[in-house]
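Would you mind keeping the following structure in view while I ask a few things?
So that you can tell them apart, the chains are marked A, B and C in the order they are listed, and the count of residues begins at 1 in each.
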């Protein structure tokens, strides 16, 4: 496997699309239930947890950029092979592929669950995955440019519902935030760890980096994207804390959806239904980026044709979605992804950093000697 | 290209083969518009449902059906037997609890409704006297509307002028679960063949424990929101105004001065002054317009206005104190003083029981400050 | 039968040869006259109905027979006052030219014959446009004659910068095709692509420029037209000025324009003639109409079938009342009415205008009134279907309008099967599809993706003239500047 990638001009993307990629992959189904889980850990100080998680996330991203900048033009698969050698590097590459696959699986399962609970209780559980997978396969077949295009378009088309939150904002109760700073540091950190689930997807930077045309401008859109998605989570969490009673909060599985229940206009009511249907547009960018990463990664590691991986992974996911349909199983998958992802996404880069620095330094000095 | 076609056909066929989503076409369902819950003598529940039935060709789209059962779900199931169509809860606009039921506690029924994601949050709650059934069975030709919508509109429209407490399912549950505040709901009774709000039901937890008059709701509203555009009456002693009547209107043999005001803007701020002794201070500021007086007082004189304002303040404070005493006797806290206590560091672990114990011992200093800003077109 | 002949030869030999080739054709159609001039036999032949008889007599035969000296083939070209005479001895070519309306002169004993194109141009006169009507501005539309069309284009754009390239397509029936572009503006790569694509079309014949368009479009499976078809010379010249490439074919009253983006189908030349504010409002209206045309009926079906909760109670009651008499599920009801509207449209398009109008009235009454009274459809649906049909007709381009109308049907089915989720699936699928489509290799959804904010004002709005100094960058024109921003609109009015 070549460590450095050469990407054709027609496949490269401008750096500012990273902004949309980051938002697109971070905001997914997890966001709908995020406020509740953060609240469970940190209570009325949940918003502090989000800020902590955000700062940590910025740090991780900085580390990722440092690692990537040590190489000419490569992704995590190339780096790992370079650092750990062919066998172990490939193995770690497979770990990444597994992470993406399980994230995608958990995404499909949770969206299906939301739809079943709110809209179609009797719908067989393979219908939603089929619909989503058709869209995913169709866009990934178009290649990286189409994937980025779908992400970009869907991200700019979905935020129309934010103004609707004015209604729950007017019903907020300030007492729910008081007294301030009550949660212990441990609780806050636990909350921050829970928050990290909604910030998954950051690792896409490791894969997509070689495709960026003007790399010197890659940092700003990335940080802006991270800030925006953190702000979205922060605002909805604050609104949820104010809107729901603390004792009532943990009864709700998807507090963000329920926020829209009371929004009504003279021609339309019950925006929660709209939000769930519309959420398809929010889920698709996440899903296709993950799918693209799987397909691209498999091609990198095993030189398998992209189409083959695409169809095989889609079929496997469909089968898995059909058989995993009890809430307990879905929760197990989500928990697995949460822990697994946390270590890979937020901890592993810190392990990788010194190794990369060491390895690349040696290489540089060797070149100097020559 | 042939591959693409294959994929296309495969996906389309599979979509149609598995399309077994349950439909709910509006003419094949009975849409519940309002529901009533009553308790019967043998400890079961009787539910009265106002439903829209679009499958009939008659002009009257609403239908009233009843059912009994041990749980609300069972009662609804039972009621369904007398409807042609399956009943769906997606548009319940109002749930009326019979007085007996309300006294026993309504949480179990609310809980069932929040569990069902299809039930709207904007469903209003109210109490029916003597039973919900009687109110919902009112003759619809008298009110020229279906009764569920009629009650819903009463609550919706009158809540803006602060005559009726508007409590949706979500509001009620939030206040219920928030420690340190209690709910109030409107009570309806059929008077002269139409339902009318006759008072305010006072809740402690999820149980109705007493009744307040319609006027009291204004004081409760003043505590937790900005009150605007509300008309209210006051009766002041005539004594302090004796010297300031217009000359023509001599002499006055009545003892009272009846006044009607229009509140431009009124709001309150509450502080916990002393945590140990639970002393609160509530400062209320009201700007009002005088719209009616039973005898003309010379409003051109600054002194008169001052006296008037003072008298109103005294009167209001008295009313607040009386209401608070009544509430303390009931052990219910719709003002939400517990919330102010729970905000503090000492009170953060407050439980409902603790507050119930503490509540009768709190002391509140009411300071009302009123300002007359207009007095109509005449002096 | 004579299979082949060699010059020089006797006129009689030539006559038998040509007539033998015309065995199955009517003999009357072939004119083969033999004149004797200065003791030399001269044969003149051609096909009767293809030749302009007046010019044959006055411009060709008269000078031919009045000549004082003996003829030579080479002399003919200098003396006879008919343009484009050619000397040739290729017999095969002779037959090809014969059927396109040429006249041939053979002087006995010579080694070659002379050809004059004397075809009579049968064509309809220039007319106003039928399918793309405009209210103000040039009304002229193309005709079937290529030379007339080129004439019109040249009149609109009298500049040497305008290049009109000639290509021929078709093995059995060759047809002339013209590529039109501005040399200083059009992107060279685009010109090369389209030239190459046209040259590589290897078919027996193309029926029309719209057929040629289908042969060379990027994706034949796509739901949307990728090249814009127009019959307005004004539209063609307007887009050619923007740096796009127009293609005209012989015998076709349509031109197509490449590359075209999705949003360019919602532009009309009229936008330029109107004042910019009104034009902007109308263009936005057309873009909003896309959504109304595609999604209003599916949303009705989805909401009535599955998500009744979305409708406020008061509205729900009135919809319920009008639905109560209808025995079908909403999806059948909607498909039925949509089908009726499509039948009306199709019948109206096939029938002569006068009958078409009558039918419109009858159809309107049948669908509007009787369907509701008979309990086949609800009032609400009629209003919604009418709105969506109207919206689909606001699209200025016929091909795009019909695409939108067809896409509605699968959308209705999706809505009927999956409700709101189905509609959302349809929207996502359409968007992804639009992203995947290209026109001449350029993204179809430009300037939305790839994002070109500087083109937004020209695509979604119609900015005031002084803001239009730049051409849209998404077509990558060679010369981006339309005019100088500073000097173009300087006003030297009299100051009072």
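Note that in this section a residue touches a chain if its C-beta (ideal position, glycine included) is under 8 Å from a C-beta of that chain, and two chains touch if they have at least 3 such contacts.
Computed from a predicted structure; not experimentally measured.
A centroid comparison over C-alpha atoms places C as the chain most distant from chain B. Overall, the chain located most centrally, as judged by its C-alpha mean against the mean of all protein C-alpha atoms, is A. Two chain pairs are in question, B-C and A-C; the one with more C-beta pairs in contact is A-C. Between the CA-based centres of chain A and chain B the separation comes to 43 Å, rounded to the whole angstrom. Distance between chain B and chain C, defined via averaged C-alpha coordinates, is recorded as 67 Å. Centre-to-centre, using mean CA coordinates, chain A is 47 Å away from chain C. Looking at chain C, one finds that residues 306, 309, 418-419 touch two or more other chains. Residue positions 120, 127, 131, 134, 264, 269-270 of chain A each touch two or more of the other chains. Chain contacts: chain B has residues 15, 19, 21, 90, 118, 120 touching two or more partner chains. Across the complex, chain C is touched by residues 1, 4, 15-16, 19, 21, 23-27, 29, 31, 33, 52, 54-57, 61, 88, 90-91, 93, 118, 120, 149 of chain B.
The touching residues of chain C, counted against chain B in their complex, run 221, 304-306, 308-309, 313-314, 316-317, 319-321, 323-326, 329-330, 417-419.
Residues of chain A that touch chain B in their complex: 117-118, 120-124, 126-127, 130-131, 134, 137, 171, 173, 175-176, 178-179, 182, 243-248, 251, 258, 261-262, 264, 269-270, 272. Against chain C, in their complex, chain A makes its touches with residues 14, 115, 119-120, 127-128, 131, 134-135, 138-139, 142, 146, 149-150, 152-154, 157, 264-270, 273-274, 276-278, 280-281, 284. If you check the complex, the residues on chain B that touch chain A are 7, 11, 14-15, 18-22, 90, 114, 117-118, 120-122, 168, 170-171, 173-179, 339-340, 342-345, 348.
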